[in-house]
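Paired with subunit B in one complex and with subunit C in the other, subunit A is shared by the two complexes that follow.
== the complex of A and B ==
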């Protein structure tokens, strides 16, 4: 279980912003926390999967994808800000994510 | 290291003297309205020419196709013809632009475009193969009780367990990535599997809305019928090898390629392993020869040093 520092928050935000800017062929300056991943960026679940894999490798996370899937059913994500929040929770709680309730 | 096309620094194929290219061909393409091949030199002329041939020889209704109008994306057979016409046109132009694939692969029913591009079959034969394959499958399973779906976020073992534990007449028909699958089977069972997968924690599930269980043993009889009906169609040695999605063998002889189109109908495919084999064989540049980026999206989970391009993001030709 990791402690989420301001540095990790900034890093996760930067990774998410740059990831969607590249994948969705848009300028990073056009992305905000309020940007809708599907309607504004034409994002999809494969991008989400790829992003999770990036974070799993970067932070050496022990978490099954289906744990994230079950969490996402209860806590759907539609904006970049919500996605960053979820990624921080994943980094913090890993496979115990479902035990945590917002 | 994987490199997306956006951080590619190449300017032309000639700037990649060590590039080993692969053309990859989609099965059921979508996204014609903003299709990525429109800026290829001569694309519209060549496409219209091939479309006219197809309309004259195989299906007159194809002449109603328009990039901003009728695209037949919900017509299971016509969309295969159009994907084939589009993909083969694009690949032909790329070859004129000095792209030289060392390996090619056709995703699912994209195999016909791969074989045409590799010089194993004629353009007309490709259309005929698509028609006969569809009719053979349709005749062997005349009832509309089948479907396919995609499941993202579970492992293959998870899906196998769900299928086994619930006695579902469904199977994995394509492995796109370690956690991305296509499934085929009886419609009710496919839908049940999608529901179970979502409850199990899949990130995404979708009924593909097709009426045949492609790449499943349910089509064994149809594939035998197909094999019998295509005996008269000539296959030539491929100018460049084609990678099998069934067992990832590298195919080049007429016999092997003929056998491949038959078993492609009823055997499960593995797109992930196919790409891995291409990378292991030195491919470092994939080009999706279709109107959109469906294969590129599915192709980001292979380890290796390679670049992906769509027709809309190619390095400029000289």
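== the complex of A and C ==
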């Protein structure tokens, strides 16, 4: 379990924004927390998986995909802000994510 | 009353160019697109030549396919999707104004292109790149088309089969528009070594442009080509309703299986002849009406011999009067794309009244004595033409196209 600091929050936000800007060929300034991943950016569900891989490596996370899958079914993500929030929860709770369901 | 089927859009990517116009200009100029291989180092292969798509394709592809989607496609899938988008542009279709439930996609797919020549480190993308349905799926996704979309694999006849099935879906009223065609690229060491082991490929590496010589006495096998061909098939009523330009009409087709040999055509071209006869019957076209045959013409010993015998059997005394040419002399054998690319060339021949030549025809085979349109194009107004495709496994497809007059 990691403590989510302001610095981690900023770092995660920056990574997520830059990832979507790069993959969706859009200017990062056009992305906000309210941006819809599918309808505004033409993104796809695989991007979520790719981001998880990025964060797993960056923060050495011990988390199984099926845990994230179970969590995501109950808490679907559609905006960039929701996605950042979920990534922070994953970083904070790792495999104990389901124990800290909202 | 069955629906009349017409071709309202065409897109072609081959070694001779990235647009219909560029391909046609080079085809009727008798140019060869065959070069030394650059896509991988062929030093271990007996065959070191192929008809590669120009490098500028990468830039063209970026104009038509978003980066995110492109990363989930192989190069050949990108060729297919790019050609499809060019064909849709050519047809002037706005799918917002069409009934998308009546728009379908059928692609001839033999290879996904996920070979050693195209390495990928993203395991998720490996799955998408290996899906044999990816070409029609991406096209359907691009335009949100919700009619049937599927791939058909009958080796070198695949995209001709796709055209036949598309024709049928419009003919019987299931669809208004069907995007049909195919793409292929097997320019990689495993495929070339595999075909070399079958003695199917030319090993006349120098000069490359003279290696593919269909119907010639010194032919020594086919040359692999890569590319994509996509046609927009549409019911004539639908096309007229939106004032579409019509390139040509589709009169009919025949599909047969030889049940004979995994590689060789049936002796004396019996299966090929049966398919041609059936195509004429299905299209309601008399043999005297055929003004041109775009041959399968691979430049292999057996195909060219048997295809010639089949044409003679079907057309009898008329056979010598029908121009027969092989586009493969210029663009190589594009395998899964061949049927569609050659159907486009046939449609252009009908539309423009010009027949592309069989190049490299310098040493006639005394047994093969048809009019192969040797080396230079021919101006000839034709009303009806045939496009032949034959695949390993005994898959035969003959398409009959006609000049369209409203």
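Everything that follows uses one rule, which is that the second predicted complex is superposed on the first by the 102 of 102 C-alpha atoms of A that agree within 3 Å, B and C clash if a C-alpha of one lies under 4 Å from a C-alpha of the other, contacts with A are read in each partner's own complex, and residues count from 1 in each chain.
Rule of thumb we're sticking to: a residue touches a chain if its C-beta (ideal position, glycine included) is under 8 Å from a C-beta of that chain, and two chains touch if they have at least 3 such contacts.
Note that the structure is a prediction, hence the values are computed from the model and not measured.
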> Would subunit B and subunit C fit next to each other on subunit A once aligned, or clash?
Replying inline: clash
>> A:48 in the overlay: touching subunit B, subunit C, both, or neither? Say first, second, both or neither.
In response: first
>> In the superposed model, which partner reaches more residues of subunit A, subunit B or subunit C?
In response: B
>> After the superposition on A, what does A:25 contact: first (subunit B), second (subunit C), both or neither?
In response: both
> After superposition on the shared chain, which partner residues are touched by A:66: those of subunit B (first), subunit C (second), both, or neither?
Replying inline: first
>> Can you check which stretch of subunit C gets into subunit B in the overlay, out of 202-210, 256-264, 310-318 or 364-372?
In response: 256-264
>> Show me the subunit A residues, by the header's touch rule, that subunit B contacts in one structure and subunit C contacts in the other.
In response: 23, 25, 44, 46-47, 49-50
>> Quick check: in the complex, which residue numbers of subunit B touch subunit A?
In response: 4, 6-7, 152-155, 158, 177, 179-180, 198, 200-204, 297-298, 300-301
> Tell me, which parts of subunit A touch subunit C in their complex?
Replying inline: 23-25, 42-44, 46-47, 49-50
> If you look only at subunit A, which of its residues touch subunit B in the complex?
Replying inline: 22-23, 25, 44-50, 53, 64-70, 72-73
>> Touching residues of subunit C toward subunit A in the complex: what are they?
In response: 66-68, 72, 124
